[in-house]
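These are the structures, in structure tokens.
Next, two complexes with subunit A in common: one pairs it with subunit B, the other with subunit C.
Up next is the complex of A and B:
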């Protein structure tokens, strides 16, 4: 346990070694929020309008929630795994007495802690600058549900990212393409990172709910906004758990199969 | 005597002109050669290239579909109709993709500076800025350009522009690309001084992406900043507005002045940055 605590500390300190790099990354996150915020602000220029089942307060809370959820769920160090496999650097870890998944989970948590700290600061700054009217959830059950589903989302993304990062075991040159397609493009749109998915036609929504993506950002924020309650909330948590188990099992299987074909190229 | 002087001036002008043409053709041939080499490296992994192109296409259509769906329900966005809003979006894509096609080498500039490999660029008998800016055209962006231009043509024709408006649109689009060039020059200049390239170019991309929608959706002072300080508005919204006949002659005139000022300033900045280059690690 102590060694992972050390990994956490080193990983945290590493982020401060490239301070400008990290601050620039956070600036990028804020810039990305601007477009979404002003787009929805324009669509809901009349505060009394209710469009797609949202009023102005709830949609702007959703936009601000994206900032926090992205820091919690989508900020991940596992993106580096793909490069490590294709360069053969994975060998270094296989020779050490560390569990590769626990190592990256620890690094992920360290990165999330730092990103969350900055996201809260940015949230406050943007709140003061843009002065939006936000909706704050006060119901304890909803807040508990939101916490559980967010933890599941963090795990789900961790596992999903690992699965995509295993592509270089079989095709070293395809790692970045697969990450771009699944992690950048699919996650950005299908997880609700740009807009709430329930504005889409019901057919498309039905299809999306069959995938794990909505449970990364959209569903947790729906719970926070109080749009998903009671049985629907429990059902959502159970689906998220199911996806986590299915993907975790797939990840393990792919890891062992990948190790069998791993050739440590580049080392 | 006067007659001789007049003849020599004319000869000088003619030789100047032919010199410029020769240099342009020289650099064009070099650009073709560098682009060909760059394309070969892109084609090394055809499956990877296909996945990347597929992902880019999906992202484009996702956002297009999202805009379409919102505007279908709301009727307009900041007073712009569905076709107009989509036209802003495709214009953004044309400027963005064209700039990436031409200036992709900027994204590979940092390793050259960190390793000191930039020395090898400096000693070659071509302009170092030209090599650093346009040394590696992007094949993926070249492939996505024709459908985008078709999209501009199709959506633009739905807006029934006059011939003059179309002319202004093309001129302002070229001006937008000049401003994009100025930004890229500033980014690599900054890279020489600070060694930070990757993030500054991505921040430029993020700021530019605020122009995916008409800048009228942003409130002051952000709108002012996006129009004049970081002229995303002039690069993207102004050309689109000119085609819709919504831009005044003064606005068009100001755009060209700003484009010229930015290119001039970025070139001065590049010259300054070159003097700061320490050739470390080489």
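Up next is the complex of A and C:
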């Protein structure tokens, strides 16, 4: 275990080596929130309006929720993996008695701890500046459900991103494109990172709920907002667990297949 | 089983093929390869076999693309062999068991494991944890490596600020912290200045002696091979052309002999050129190279036709032979 503790430490040190970069990334997040905040404030100029089942408080809570959820779920260090494979840097890990997944999970958690710390700070700052009226969940069961589904979401995205990162084993030049497709198009859009998914027609929604994507951001927030309860919550957790298992198993399979064709390039 | 005990490395009938996409040049080629990619099989290693005893220091030589690095990558478990048998210290490298990985190291002159933005000591600490080296052992090994390689002052400097030579020495420290029994060195002195090269070389020699480690080194640096390796394996086009003593290599592959003559009169040099290839002429000394078979005749002719005060016949220098190996000339000769 000591191994991964050390990985956690060096990862933290690494983040601080790129201070300016890190700060710019946080600034980008804040600006994005401002943009979405003012957009929805304008749409709901009357606090009593209800559109798609959202009143002003709930939509703003959703928007702030996105800030937190993105730093928890979508800020993953695993984006570096595809580059490591295509450049042949994977070699460094294969030579050592270290588990590549555990290594990256640790790096991921370390980066998440850092990002979450900043997100909470930014949240407080934005809260004081914008003084929005937000919805806070108080029901213990909902909060517990929210925690479980969020942890699952972190794992789900980790595995999903890992699978996409294996593309360079077979097509080194496709790494970036594959990642762009899955991160920007699939996750940002289909996970509810840009707008609440219940705006979409119910047929599409029904289909989306069978994919892993809504369980990354939209579903956890719905749980927090109290819009998904009881059986629906349990069903969601079960689907998320199923996807985690299916994708985890596929990831392992692909990893072994990838290693068979790995070229250890770079020399 | 006694076979595995006395051999550190066993390679039998090892074959490795790579599938590569062939793309014709230009835009047209790119487009056509998009729709109908052409695959080609490159045979990087063709049925090679050799064994290495514990504590041996072996030079792997051959021209670029001969299959040296591929062999090292297979032995360290990075590449999956297409066919054949490999066993190192009783392990199948491909399984990459932690117990195996703790006993080996692969150092590649052009690859780095040190964290670029952090001081090297951070990577060393990380490696200590990864290899589960006990604290005391770690400190002893570290201080030993640091003093031999003379890098004490560099440990706390961000790696990106170091020169290539400084970095390379720290790479060695990082790679050897767990005192591997088997060491695969791929071009360890590439890009280093002469002083740094010598430091690395001395170190490898010392490491082999002190720890009885088995070492395979590939290099295009003549001095690396001559100083370090007693036994060499010559590899080209995925085949082993020679495996044996460095001295034996010269005997087998030297095509020519060198005749040095000292003339007592400054005669017509053109006559010398008829006898052999005149490599250097600086009165009174002339250096000729002649084919092995005609050495005796050439020497006799020289004595007859010129006023010779002294004459010696020498083997072609080892550098010359190795240079020819690098050029890939060995293959032609053998067939």
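Following the convention adopted for this analysis, the second predicted complex is superposed on the first by the 266 of 267 C-alpha atoms of A that agree within 3 Å, B and C clash if a C-alpha of one lies under 4 Å from a C-alpha of the other, contacts with A are read in each partner's own complex, and residues count from 1 in each chain.
One rule holds for everything that comes next: contacts are C-beta pairs under 8 Å (C-beta built on N, C-alpha and C of every residue); 3 or more make two chains touch, one makes a residue touch a chain.
Note that the structure is predicted; figures quoted are calculated from it, not measured.
*Asks:* Which chain makes contact with more of the residues of subunit A, subunit B or else subunit C?
*Replies:* When the residues of subunit A touched by each partner are counted, B comes out ahead.
*Asks:* Figure out whether A:199 sits in contact with subunit B (first) or subunit C (second), or with both, or with neither.
*Replies:* After superposing on A, A:199 lies in contact with subunit B but is clear of subunit C.
*Asks:* Looking at the overlay, what does A:46 touch: subunit B (first), subunit C (second), both, or neither?
*Replies:* Neither partner.
*Asks:* Check the residue A:181 against both partner chains and state whether it touches subunit B (first), subunit C (second), both, or neither.
*Replies:* Touch partner of A:181: subunit B, not subunit C.
*Asks:* Please indicate which partner A:189 is in contact with in the superposed arrangement: first for subunit B, second for subunit C, both, or neither.
*Replies:* first
*Asks:* So, A:14: does it touch subunit B (first), subunit C (second), both, or neither?
*Replies:* second
*Asks:* Please write out, lowest number first, the residues of subunit A touched by both subunit B and subunit C across the two complexes.
*Replies:* Dual-contact residues (subunit A): none.
*Asks:* Contact residues on subunit A for subunit B in the complex?
*Replies:* 20-21, 24-25, 27-28, 31-32, 34-35, 38-39, 41-43, 51-52, 171, 173-174, 176-178, 180-181, 184-186, 188-189, 194-195, 199-201
*Asks:* Where on subunit B does subunit A make contact in their complex?
*Replies:* Within the complex, subunit B touches subunit A at residues 44-45, 47-49, 51-52, 54-56, 58-59, 62-63, 66, 69-70, 73-74, 77-78, 194, 196, 198-200, 202-203, 206-207, 209-210, 212-213, 217-219, 222.
*Asks:* With touch defined as at the start, can you tell me which subunit A residues reach subunit C in the complex?
*Replies:* Residues 2-3, 5-7, 10, 13-14, 17-18, 88-89, 91-92, 94-98, 259-264, 266-267 of subunit A touch subunit C in their complex.
*Asks:* Could you please specify the touching residues of subunit C with respect to subunit A in the complex?
*Replies:* Of all residues in subunit C, those touching subunit A are 18-19, 69, 73, 76-80, 96, 98, 101-102, 104-106, 108, 110-111, 113, 115, 117-118, 122-123, 125-132, 158, 186.
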